[in-house]
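Below, subunit A partners subunit B and then partners subunit C, in two separate complexes.
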Partner chain A sequence: MTKGFIGALAMLALGVGIARAQPDAGTLRGIEKYREALAEDNPAELWEARGAELWNARRGPKGASLAQCDLGKGPGVVKGAYAELPRYFADADRVMDLETRLVHCMVTLQGFSAAEVTRRPFGGPDHRSDFEALAAFVAAQSKGVKMNVSLDHPKERAAFLLGEQMFFYRGGPHDFACATCHGESNKRIRLQDLPNLTDAKDAQRAYTTWPGYRVSQGELRTMQWRLNDCFRQQRFPQLKFASDTSIALTMFLAHNANGGVFNAPAVKR
Partner chain B sequence: MADPMRIRASMQGDKVLVRVLMSHEMETGQRKDESGKIVPAHFIQNVTVTHNGKTVLSAEWGPAVSKNPFLQFQFAGGKVGDKIQIIWTDNKGGTRTDEAVVN
Partner chain C sequence: MLQKSLPALAVVLAGCAAMTQGDYRDRAVQMMKADFNERGQAKLDRLDQDETQAQCSRKPADGALDKEVAAHIEKTNLDRVRYPADGKLLGDWRAGEKIAQSGVGKQFNDNPKAPAGGNCYACHELSPQELSYGTMGPSLRNFGKTRGTSEAVQKYVYAKIYNAEAFTACTNMPRFGYKGILTEEQIRDVTALLLDPQSPVNR
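Coming up: the complex of A and B.
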């Protein structure tokens, strides 16, 4: 009994020694298992359901729903739309990502003011975000669709190039760029893998799992939120919601993920 | 009014597997807001599940249960087409009732 106990202790100590030396396959498998356990019954479904309701609800000064909103595949077509965003929209003469397009539709179809709807774009304990619900609903309709973001239009190409420049731009008090964390393969911070967003496989895996339900926050988060928080972590000036910079970065990431099978809303730590 | 629950009930062998996602803040009453005031506790206290009108699960919950709780359990004696009804009540008197059919 005592001998067995000491043996177990020794093995434990050995295990700790190995884990300290390097993140071995066992640790990574453990993280994978944890992720799988979280992925069952994703609370993102609650956001999807609310988003579907919001999409069809008659709201705003014009009392209109978003059902006629053109996400790039024709008015009201939601299926597969997210896998082709961001894209150039002729009616706005601008490249737009999903959230920016939603703002556009809320303004043009429903009569809201852009300032009002983007005042608090992210949800918190005392505030629920319409964008997070709508993004969950729209993104879910692209599950299983291959990412196919075009750079055919000159403005799409310009957005991509600006996004690329932004990605490698070093600045702020920490002299950080996005590429500082996301430019090398097989890196992680604590338990979080850092996808190498310049590598097609990693970029696909990362981009196709946003929007995601963040367990640690109890909220569904979108790509706009992800970039906003990356800027905060870099100690950059606050990234303005639906700004050209945010769209350009999204364009860079989305295009790098082309060919990946979309699979969001996912669940994140 | 609270958001609807997501209920899935399916036969697993001779038992019914029920999986429920509830939409609720589940405030513990320990957290402070930006101005330093305590955010009042707000959590689901009672959960009752009935199968064709007969109670199969009754639970008392507290503030330790997570936000947007997920509940999974099995019970015997059900079959395809049976009706499952779930009711929760929170400490502020809020309540929500949803139904699903076993498939």
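Coming up: the complex of A and C.
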């Protein structure tokens, strides 16, 4: 009611003669139905299964599995771990998100080189990414857990504040920042709803549904991928995988989503 | 070596404890410059801000934009508007509709030799035939019908597309002409899409 009234006022202010009804309410409902139907049979399960295999497989020069990898809740504890990431890890003296921590474990436990394991962070038509499978597996074990990302450690707090600066940083030929598309509520790009990631409710709904199975790509995509592709559309250069910038931004988004019930991998358009 | 660097580290950490917003901003910029790779046409200089971008990188906690700063942004950007030398401001609305539909251009995976789009429908309602439009910007339906096509209106529309910061400080709308996203001819075509009485926007 109020929204409609403000909308009408805005149209008058803009000098638009005819107040128009939303011509696409049916379309939006259709998209919602399509999503619901897909969620019943989420292909993300295939990635979760492969992730579980990868987690337990003895691999690398050391022939070790990731089963002793400490995701923050102790070696080998996967349940609920994703809902508390990113976090500060004393053994690396660094704040890490899931993917960065996985790289750390592949290097320290399995003996891989970081360059070797990060060669394919995202899957494509001719190759798969281990990170997408592992992220699906780990994230799925936080389903139903409330997001609880801490800023207690000074480096956690610094990561959040740096991520906040980056979120509002305008640049490139289009003057875009993350906030250009994700700083206001109830906006759309074309027909796609845009979450306001500075608002707790929207941030919770958005963050708790990544990683997600992206129907349009037939791939399971992670938060690292999400940031990478946002920057592409922002007309920025390419964000480095597992970089401090990616971790700081993830910290900003994840902490803004605190209190939200984690429910990924979800199905995305 | 390690012992030598410890006092330096202590200074850095002590500095962190008292870091201001400006310090975080500087550190964030340094971090970003280290954390992106050049790819295709997207070089690292895209992370270098001009004055307007820096002044418009604002958090909600920063409060409302200072009036003097806003006036400065609008004035400097108005001074940057370049009108076509031949004075012709209206192009072909059919070409304008195609530009409004296209979202390619300037991304690292785009062909730098191909013309960029304006992607107007991402944020605005324009022609009634196109139902897939965004709501980041105001509806532009009947834009010309309600304003007419006087030279003053033509100049305003051309300049608004060329450099939107000249009229609304810290708008979300890109500066299509000033930043070299659209050519003079393309801006003329989009101006016609908005103003031409034959354009679907006005029918």
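Note that the second predicted complex is superposed on the first by the 242 of 269 C-alpha atoms of A that agree within 3 Å, B and C clash if a C-alpha of one lies under 4 Å from a C-alpha of the other, contacts with A are read in each partner's own complex, and residues count from 1 in each chain.
In this text, a residue touches a chain if its C-beta (ideal position, glycine included) is under 8 Å from a C-beta of that chain, and two chains touch if they have at least 3 such contacts.
Treat the numbers as computed from the prediction; the structure is a model and nothing was measured.
Asks: After the overlay on subunit A, what do you see for subunit B versus subunit C, clash or fit?
Replies: Fit: subunit B and subunit C sit side by side once superposed on subunit A.
Asks: Looking at the overlay, what does A:198 touch: subunit B (first), subunit C (second), both, or neither?
Replies: second
Asks: Please work out whether A:30 is in contact with subunit B alone, subunit C alone, both, or neither, and reply first, second, both or neither.
Replies: neither
Asks: With both complexes overlaid on chain A, does A:169 touch subunit B (first), subunit C (second), both or neither?
Replies: Second partner only.
Asks: Identify the partner contact of A:180: answer first if only subunit B is touched, second if only subunit C is, both if each is, neither if none is.
Replies: A:180 contacts subunit C only, not subunit B.
Asks: Contact-wise, after the overlay, does A:244 reach subunit B, subunit C, both or neither (first, second, both, neither)?
Replies: A:244 contacts subunit C only, not subunit B.
Asks: Counting residues of subunit A touched by each partner, does subunit B or subunit C come out ahead?
Replies: Between subunit B and subunit C, C touches the greater number of residues in subunit A.
Asks: In the superposition on the shared chain, how near does any CA atom of subunit B get to one of subunit C? Answer in angstrom.
Replies: Nearest C-alpha atoms of the two chains are 12 Å apart.
Asks: Which parts of subunit A are in contact with subunit B and also with subunit C?
Replies: Looking at subunit A, the two contact sets are disjoint.
Asks: Okay, in this complex, where on subunit A does subunit C touch?
Replies: It comes out as residues 10-11, 14-18, 20, 23-24, 27, 154, 158, 161-162, 164-166, 168-177, 180-181, 183-184, 186-192, 194, 198, 231-233, 235-240, 243-246, 248.
Asks: For subunit C, which residues count as touching subunit A in their complex?
Replies: Listed in rising order, the residues of subunit C that touch subunit A are 16-17, 19, 24-25, 27-29, 31-32, 34-39, 42-44, 46-49, 52-54, 56-60, 106-109, 121-123, 125, 131-136, 138-139, 141-142, 145-147, 165, 172, 174-175, 179-181.
Asks: Where on subunit A is subunit B touching in the complex?
Replies: So the residues of subunit A touching subunit B come out as 41, 43, 45-46, 49-50, 125-126, 218.
Asks: Which positions of subunit B touch subunit A when the two form their complex?
Replies: Counting only subunit B, the residues touching subunit A are 3-4, 6, 19, 21, 23, 25, 27, 31, 33, 39, 66-68, 70, 72.
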